[in-house]
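Scrolling down, you'll hit the structures one after another.
Two complexes come next, and they have one chain in common, chain A, joined by chain B in the first and chain C in the second.
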Partner chain A sequence: MNLLDVKNLSITLQSTAEPILAVDRVSLSIKEGEFRGLVGESGSGKSLLAKAIMGVLDDKWKVEADRFHWQGIDLLRLTEEERKKIITRDVAIIFQEPMSCLDPTNTIGEQIEEAIDSKQLSGYFWQKAQQRRKAAIKLLHKVGIKKHTLVAKSYPHQLTTTLCQRVMIAMALARRPKLLIADEPTASMEPANQAQIFRLLASLNQLKSMSVLLISHELDKISHWTDNLTVMYSGQFVEAGTTAQIFKTPFHPYTKALIASTPTPQKQWQKKARLETLPGTIPVLQHLPIGCRLGPRCPNARKKCVTAPQIRSYHGHQVSCHFSHKDEY
Partner chain B sequence: MASLIEVNDLSKRYKVNSGWWKKEYKTVLKPLSFKLESKQTMAVVGGIGSGKSVLAKLLVGAARPTTGEIILNGQHLQTGNFKQRCQHVRMIFQDAGNTLNPSLTIKQQLEEPLLLNTRLNPQQRTLLIRQTLQKVGMLADHMHFYPHMFSGGQKQRISLARAIILEPQLVILDEALAALDLSLRAQMINLLLDLQQQMGLAYLLISHDLDIVEHFSDKMIVLRDGEVVETGTTEQVLKDPKDKYTKKLIMSQRKRPAI
Partner chain C sequence: MFSFALRRLNLLFFTLLMLTLVAFSLNYFFPGSPIVNMTGLVNASDAELATYEQMYHMDQSLFFQYLAYLKEIFSGNFGVSMSTQSPISEELVTYLPATIELSLAALFLAMLFGIPLGFIAAIFHNKGADKTILVIAMVGYSLPVFWLALILILVFAIILPWFPSSGQINLLFEIEQVTGFKLIDILLSDSPYRWQAFLDALKHLVLPAIAVAVAPMTIFIRLARTSMLEVLESNYIKAARAKGLSNLKIIYHHGIRNALVRIIRDMGLQFANLMTLAMIAEVIFDWQGAGSWLIDSIFQRDYTAIQGGLIALASFTFLINIFADFIYAALNPVERYARHGT
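Take a look at the complex of A and B:
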């Protein structure tokens, strides 16, 4: 069964004179135990989508959807409080720059203990502090921190970014979530440390069968770890499918250009050859093109592209394009 | 033919909390030598604290080397002589948005190196700024804009324009491609490769993305804790890494296998 099932989710910014459609009819579904990647350039609305799932957007943003189900429960019909109850129980999120997310005035141990739900602790009230401390240490072990006493005693500024991100993951795991949303967890990290964090997420995904939604702007870096990928461009849905489908047979011209533009060791490149790119840059939110937002940069664009295409699905490989590359393979 | 740039036994060490009589030093870059021709790119790869940024600082003249010499076109580069050096060696940083002054227009920013280093009159300066902006794929009229009006990729182009406006021979790219989005990064690589052919530039690319290094560079140096671990042509090092650390670096960036 689908854990999360979102269809045609739109997010509108209403504070300005003219409402801006920041995310335009995006669909996303996550199964239990799935490792899904969400890829898009900066400003493509990936983080907004994550925030909309968590329900942490403020009044300026208006979220609409045809379907917004969590384990079969329609979240849009619930009151805000009921919804929050379900989301905080089952979904956890970690952000980029873990240093700035942790409280600099408290030790790591205190912060993790705070995140542990007292309902998980059994026993009398005088035993609870002890149990809480034990649970915190257990969580630190779970994310691969062996020196738990040292880490629990230190403050966030005394640890490296990688360790802080591990601590963030430990705090996210405290309530045993069914879905972990990782919003660019490895931005500004070294490749070796990035691999560590990805490996940790992958092992949690496999051992605890926790679903992971990994948000990133680097398609090639996360592709090694993900089962499925969803690609977004400028707030619109582009393509979704298994990682192999996306890489082997990209249907959308945008995905195709993205894959062609990264040098990979597998392809035989002529050294210093020009890379294939799309012309231009991602449009700013104030001046979005109508219809398909890739239009002005797209090599396949024709007159029909001024109307936004519908999502079509071929054996689970979804694409949103009038002139897809489907027939070329 | 003599090399464009030749570095002999360049090293750097800092003094750390010395007592009154005791002196302690921390070596951040052990003696290192290399040669680089024009139209060639050398990549420097290594982890945090491996001394790659120190190497860039030494070459650009922001820090004084402890030992060693840098020879450019057969000329010895003196440490304090910025006038001589900044005409030939320029640098681009990772975060383009922060290296541009937000209160100056693009024209003012690009004019600054010209005012300090050349004797061109105002018309010639404007003409050169126009040409340089067109070279990096922007419009000449963009020079009246302020930095906040541009996107990240365009800002990176402007800082490239500022680097090449004095027609240098060596450009140091300190993680200049790391923060860009994928499609912008490919555009930037294309632009850098074109400029290399047109102007005969030599690049020193500091990066940790080995795919880009493999595509972009001719030679590479692997640094670890200030020590050269491995050096050679890029194909040779990446195909057949001799050192354990290099192997680890390559392994850590393994991508999904060929489908």
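Take a look at the complex of A and C:
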């Protein structure tokens, strides 16, 4: 059964004179125990989508969706309060720049203890503080922090970014979430530390059967860990499928270009060979092309591309393109 | 923490040194002979003045004169008042505590009302409460203190006889001066009417403290509002929201503390402004403090008193500033501990 099922979710920025459609009818579904990657360039609306799912966007953003189901519950029929209650109970999110996501004036221990739901605790109120402390230490152990007393006593600025991200994951685990959204958790980290965080997420996914939605702009880096991938471009859905499908048989010209742009180890490299890229850059939000937003950069673009394509599904491999590469394989 | 304290004390020392330099140069800028300005002995004979010239090394270069002056200042000798011929240090001990009492009461009032109002305005950002509070702040900021003081006296002392119009305490109570702080002196005294006297002194304090507090309060409102707004925009508040904490918990646990840290940092700056207001209010409310004493001295061209008052009031402002820095460090762990890692 689908854990999360979102169809045609749109996010509009309303603070400007003319509303800007930042995310245009994106669909996303996550199964239980799935490790899904969400890939796209910077500014393609990945983080917006994650924040919209969590319901932590400001008032200036307007979110609409045709379908928004959580474990079969239609969240659109509920009031905002009820929706928030369900989402914060079952979904946790970790952000990039973990240090800025921790309160600088509270110790790590206090912040983890605060995240623990009091329903998990038993006994009288004077026993609860002790239980909270124990639960916090357990959470720190779960994310691979052995020096729990030292870390719990520290303030965020005394820890490294990697440790802070581990603490963020520990806090996310405090509510025993069914889905963990990781919004570029390893931005500005060294590769060794990135691998540590990814490994931690993968082990949590396997051992606790917790679904993970990993958001990143580096397709090749996360593909080692993910089961399925969703690709976004400029706020539009591009392609979704298993990692193997996306890598071996990319249907969409954008995905194809994205994979081709990654340098792979080869025996013979031509001197000063050009990296394969699409011409141009991602459009700014104020000047979005109509129809398929890849249009101006797309090698396959034709007149038909000024109307946005419908999503078509081939054995679970979804693509949104009029002229896909499907028949080439 | 130790090096932080050392740095602040270092700053205090050097600023005080600069201040004495200014005060010393005044002796030469004021009309009259420097030695008379320095000692305040207007009616002294030539022989007396000669001994004082010896004491202040007036025959040597300016540098040695300054050193001699410093030595006298640090041993507590500010000279005598030109108008009353009593030592400045004694007059300061009499008058300064009253000013400190008034300005601390005003600072307390300003923070007590200003900071929560600012927080409320930030929490209800762009709503009715926010706009009302901002209007009040704007009006309060533009009211001149002398007008406000007179209106307060007119309304709350004359039309409604709730508070006394001037003075520090009813003359019926005889309180011995020990520390100079009226409220503390009353509590220290063993008079049978202690509590009546204490209440009476508090009543006398209310109107002047309000008059002084209004303008700084409006500044605190704005400071609290902007810093709370900044905190509410920050990532850790968003992360706390995603954690599922209620709004009240977020503001109580994360908002107030972080916002307070920023306000305390700027509190010291507001204090200089508050002292000036206190001086004007002292004159209007006939408050026997250093402010009204200093203004009297200015009218009487009492140069030694002006110098002494300058040094005393400025060092008090500095002390409050440094004190605010210490509170800031105590509240803010980022200042207290060294950064590790990246």
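Here is the rule we use: the second predicted complex is superposed on the first by the 322 of 329 C-alpha atoms of A that agree within 3 Å, B and C clash if a C-alpha of one lies under 4 Å from a C-alpha of the other, contacts with A are read in each partner's own complex, and residues count from 1 in each chain.
By definition in this document, a contact is a pair of C-beta atoms (placed from the backbone, for glycine too) under 8 Å apart; a residue touches a chain by one contact, two chains touch by 3 or more.
The shown structure was predicted, so the numbers you read here are calculated from the model rather than taken from an experiment.
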Fit or clash - chain C, chain B, common chain A: fit
Chain B versus chain C as contact partner of A:158, first or second or both or neither: second
Which of chain B and chain C A:88 touches, first, second, both or neither: second
Which superposed partner A:257 touches (first chain B, second chain C, both, neither): first
Touching partner for A:175 - first (chain B), second (chain C), both, neither: second
Chain B versus chain C as contact partner of A:223, first or second or both or neither: first
Touching partner for A:275 - first (chain B), second (chain C), both, neither: first
Partner chain in contact with A:195 - chain B first, chain C second, else both or neither: first
Minimum Cα separation, chain C to chain B, after superposition on A (Å): 10
Of all residues in chain A, those that touch chain C in their complex: 54, 56, 84-85, 88-89, 92-93, 95, 97, 100-107, 114-115, 155, 157-161, 163, 168, 171, 174-175
Sites on chain A touched by chain B in the complex: 41-42, 190-192, 195, 217-221, 223-224, 243-244, 247-248, 257-258, 261-266, 269, 271-272, 274-278, 281-282, 284
Interfacial residue positions of chain C with respect to chain A in the complex: 234-236, 238-245, 249, 253-254, 257-258, 261, 331-334, 337-342
Contact footprint of chain A on chain B as seen in their complex: 47-48, 151-154, 181-187, 189-190, 193-194, 208-209, 211-212, 214-216, 248-249, 252-259
